[in-house]
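Shared chain: chain A. Partners: chain B in the first complex, chain C in the second.
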Partner chain A sequence: MSTETGRVGEWSLFGHSLRRVVLYGILAGMGVFYLIPIETGIMTSIINPASYTGSFPYLPPLEPLVPGTGTFSLEPWQGAIDGLGQGLVNSVILVVPATIFSGLLGSMAAFGLTTISWRGQIGIYILFVAGIFIPYQAVLVPLTQFWYNVVPLQAVFEPLAVLPFVQEYHWKLVALIITHTAYGLPICTLLFRAHYKKLSDEMVEAAQLDGASVATIYRRIILPLSIRMFAVVFIYQFTQIWNDLLFALTIVQFGDAAVVTQDLVGIGVSQSGTNFPLRMAAALLAALPTLLVYIFFGDKFAKGVAA
Partner chain B sequence: MAELTLDGVTKVFTEDDGNEIVAVDEVSVDIEDGEFLVLVGPSGCGKSTTLRMVAGLETVTRGEISLAGRRINDSPPAERDIAMVFQSYALYPHMTVAQNMSFGLEESTEMGDDEISEHVADTAAMMGIEDLVDRKPADLSGGQQQRVALGRAIVRDPEAFLMDEPLSNLDAKLRATMRTELQRLQEELGVTTIYVTHDQTEAMTMGDRIAILDDGVLQQVGTPLECYHTPNNLFVAGFIGDPSMNFFEMDVDGDLLVGDRFEYPLTSAQSEAVDEARRVTLGIRPEDIEIEADGSADSPSEFDVAVDVVEPRGDENTLHLTFDRGVDEPVTFTATVSGLRQLQAGDSVVATFPPEAIHLFDADTEAALHNRSLDVPEATEQIV
Partner chain C sequence: MRNPLTVLKRRLSEHREVRTDGGTTSAGSILDRDSVRSAPFWLPPFLLIGLFIYGAIAWNIVLSLTDFQGLGSPDYSALDFENYVVAFFGGTPSWSELTVSPIWNSAWNTVVLMVSFSVVCLALGLVLAILVDQEIRFENTFRTIYLLPMSLSFVVTAKFWLYMYNVETGLVNLFLGAVGVGPVEIVQNPDLKLAAVAFALIWQFSGYAMIVYLAGLRAIPTSHFEAARVDGASTLRMYWRVIIPQLRTATVSALVVLTVFSLKAFDFLFSMYGGYQPGPSADILATRMVREAYSNGNWAYGSAIAVILFIMALAIVTPYIYSQYKRGEL
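Now for the complex of A and B:
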């Protein structure tokens, strides 16, 4: 069997047909086009801020070998880690539970609204869907009122602060976790419902006849068949909640509980000017977790979307 | 193992606009302990709905279902001790064959793990799938999945089996094999079984008795041969048997039936059965029609007809015969003759309708007025 891809009579270059050469040329060009901003960010983030002004941001800092490119320094990254450390920790405390809760509750809600049939479920489901369309801006003021004046979460939390690793300001993160879980629920339910509608009704009926309760059917049949969908939902929710600034500004406002997006806003900005290398390093550092999630779960994500 | 009784079971679906649809209408049938009952009918006749009511997957609008003398109308499916085999097999795709089979035992019994795996291994051996127990359903062929689905039902050792067209996704050869195997298994296990199918061949060959359902109404319950030879009505007569029974609409004129294309004399017993009916449908099975290649019609029950189409089946030929010669789309009826008979389209033949093979149905009520004479006892349950 021949493995040549070229067609008879076509031009070829080193055994590759001209079509291939052009194709790869275009792909490489597009790759460069898309990667240049990131490359620029990375290069900028390793330039000594003192030598930054006047250098080409996309060139590696090679002074004194190449003049005009700035000198190499890890100082911006050091500054970013120092400046964002607390925010990163807070973001992790917020994002991990909020992602898991919204995914798990969304899956349960979709199971109850799709696989189990009961009177009035369509009405309830429409309420869920309507939740997707409520604009964030409309709830900002009520949300502040709710967490600061209606629910005495802060007072409840005070005695818990004596526990190890628990700080009094963590109540704001708990409020944020609950808010993000609630807001993520409609879209998670929608995603899981689309998946559950494709599962065979007869399979669920077979489980019923096998003696399984509703809870057992969920735990032993539906949950194991949702793993790919969980990858999709977790990646989506992780990115959404990690990148959120609006709810954080509304609920955390300021102080020790500030999450990474809040810290990022102010870093490297001062009266004396903007420290671009520091801002670039901080931006890359803040984006790193979402990037890692995509790298590690991307293939599951692709499978889940296709499923 | 127990007897299963359906008494006046009715299912009414209410549509969103308030319309009521009667899917199953007053179905009553007693299924004896260990009996194999085939529920047969065209699609949409309510047979699957009936089965799902027995399983507990649909509520019962009216009537009573009892298993082993215990009313089960309101019991959830899990408490009915019934196992069901679905058309799609409905295996759990993320579990191995062994896990699929043990799931029901884990959920519905107090058995320990060792006991469960012992039961599963025994059943797998009985079904000939002991080499497949560690595979997932997606790695199995249709026939193997079918065996796993059956094994999953058998391992539970339920009071009754319900089977919803379990063979319809198999190819024809495998279906024939599984038909025999299912019968053998059911006989061995002696579990009361309801088997739903739209295929009258499965109904005829598999059931101890068959129940024929049309439009939600039970038409007849009887042994396959009772239903074949002494149908209660026109529907049963036409549904059971392949090729179907021939029907001719006739007017009654004393001892003579007068149709569009031929006249047929009645015996005294037959005309007594016809009684007051003015219009009847004359029925005769294709294999009861006698075909003479030469000669001419010289008795009132013999007719000169032409062969329109010959369908060879090997063992027999199906002839499409017609009274209308030289017409583009003639009205035909069928007769089956030995596969060795040499007959061709266009041939003129003499068809004899033997008087003892004639069925007569009331043209309005479609009830049977007279069935063919046989030496079998008429034990058919009358459905009013």
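Now for the complex of A and C:
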């Protein structure tokens, strides 16, 4: 091996071995592969639709300097905000409570099934884990039946609509919040359990000897040690719930309660053709919250998906 | 906040005193069990998933045996397996006047998409992980970029790739034009549809495979790399013979997750084709199920397809969870 590196090392470019140059070349090339659809989207989203030709989708609008690239305009973004505004508001109403509830309940479940150890808990836990892998198609029709025909949520919200900020259609978002909380629980429990297994038993045992109740152990010992894991779980759940389309499509179906992913599906298409600048701006606007979360907390997101 | 807690504590300690006094009532010992004392924590979440996941699956199985179709509510009095017969052999079911095609086409597409997507994802992820593991500079930047598409939703990814694949203005066709291949219709081309979907999904999820493999590579003791080097193995040989065999666990867990992702590709296809109709050559079970139920109103038939999809997922996941359990990794 050492002789081989020596031999390869002779082929050098600006003091770097050829091997390293090729390595960085491939890594950068792959970087371009992963970024270019997004880059193209950004560039297209700031072109004035009237001047859009599509000849150089990857270039910024530089007309009149570079002909064919179109002129700069924020009109597509304005259009995207108008088109997705209601959906964005609904998505925020949905995603904040659903993320918090699923994270909190997941932490509690993992605590009751890990830190406090008892016989048979693994059986219960397996039912949680299996829930991660369920294709949601297997529950859709019952879910629609449940929320539309069994639970009278809509009737509950009818009189509430006189309150400020409460609309009758919010019942669909409440249904969606509960649904996402339930289906997010398995992965949240798994993430917290992996964390709680690593905590030392000594503290919990000492507290138990001191006569601390289960609730005290959770509040005083486990919860303070879970802060970082909560960040990982919240980021993961936020991304998952914000990005979901299937549950929204089958529970909200259509109307005022539609979330941002639903609104995005049909935007930018009309009889006169596809308005690519508008569509790209809308896609980016819908992706912006998760993109920002990813850019600022990327390491935590990576931790969440790797678990 | 303090008061109820101290009351609770006192009650618990009183309760304990009763027991030490010799009052070993069975009620006392059951209440003192850790499973019961921790129940306020695990039981509510368990009931929630019990109702929403397992209750719903059971309900779905029952629904698949009914003739529930159109508006109204399901009739549970006459249950039969007709929907499964129709799903496997086609024909005209009693609840419809039209012929319903069997699921083979979408089942086949599901398997093709699942296998091609996960195998390519794993291969690409492995190569990327090995490259990133070469003590490179800017490792974090590269990792962040490779994983970036995973933070996007299927809906957004579909919009980006719909643009990339566009005949006139798409980057893919501009690239093909540059190497002398004429503009190709991709998104609506029956021969290329599924490959185009798989490619976009690989773009989105290969970073995930890389992260999993990178964690696996980092878990291998450096002594294994050094030993192979001392033995004079070439880099390629070292990875093939020594390192990759040790990544079995990483491969299996990434494979299971990716497979399940591909079963869930509904969102992507719905966004790409702007609705329930991706066309026969890109139709997978996930899209067929939702279309039958929510677009055609064939609720019971949709439920039957969902059961088949569920069994497919179960066949993949059960051995995985069982092996995890056996190795004590749950």
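Descriptive notes on the structure:
In this text, the second predicted complex is superposed on the first by the 256 of 307 C-alpha atoms of A that agree within 3 Å, B and C clash if a C-alpha of one lies under 4 Å from a C-alpha of the other, contacts with A are read in each partner's own complex, and residues count from 1 in each chain.
Everything below uses one rule, namely that contacts are C-beta pairs under 8 Å (C-beta built on N, C-alpha and C of every residue); 3 or more make two chains touch, one makes a residue touch a chain.
What you see is a predicted model; the values in this text were computed from it and never measured.
Using the contact criterion defined above for the overlaid structures, shared-chain residue A:M203 touches chain B, although it does not reach chain C. Applying the stated contact rule after C-alpha superposition, one finds that A:Q237 touches neither chain B nor chain C. Touched residues of chain A, counted separately for chain B and chain C, are more numerous for C.
Of the two partner chains placed around the shared chain by superposition, chain B and chain C are both touched by A:S213.
When both complexes are overlaid on chain A, the residue A:S45 reaches neither chain B nor chain C. Of the two partner chains placed by the overlay, only chain C lies in contact with A:P57; chain B stays clear of it. Judged by the touch definition given at the top, the superposed model places A:I126 against chain C, while chain B stays out of reach. Once chain A of one complex is fitted onto chain A of the other, the partner contacts of A:I221 are limited to chain B, with no touch recorded for chain C. Contact with neither chain B nor chain C is seen for A:T99 once the two complexes are overlaid on the shared chain. The intersection of chain A residues touching chain B with those touching chain C, taken from the two complexes, comprises 211-213, 216.
Chain B meets chain A in the complex at residues 55-57, 76-78, 80, 82-84, 86-88, 90-94, 103-104, 107-109, 152, 156. Those residues of chain A that touch chain B in the shared complex are 200, 202-203, 205-213, 216, 220-221, 224-225.
Residues of chain A touching chain C in their complex: 1-2, 4, 23-24, 26-27, 30-31, 33-38, 40-41, 44, 54-55, 57-58, 105-106, 108-109, 111-113, 116-122, 124-143, 145-146, 149, 179, 181-183, 185-186, 189, 211-216, 218, 239, 242-246, 249-250, 253, 261, 264-266, 269, 276, 279-280, 282-284, 286-287, 290-291, 293-295, 298, 301-302, 305-306. On the chain C side of its complex with chain A, the touching residues are 5, 8-9, 12-13, 16, 33-35, 37-46, 48-57, 59-60, 63, 73-74, 128, 131-132, 134, 136, 142-156, 159-161, 163-164, 166, 168-171, 174, 203, 207-208, 211-212, 215, 229, 232-235, 256, 260, 263-264, 266-267, 270-271, 274-275, 285-286, 289-290, 293-294, 299, 302-303, 305-307, 309-310, 312-313, 316-317, 321, 325, 330.
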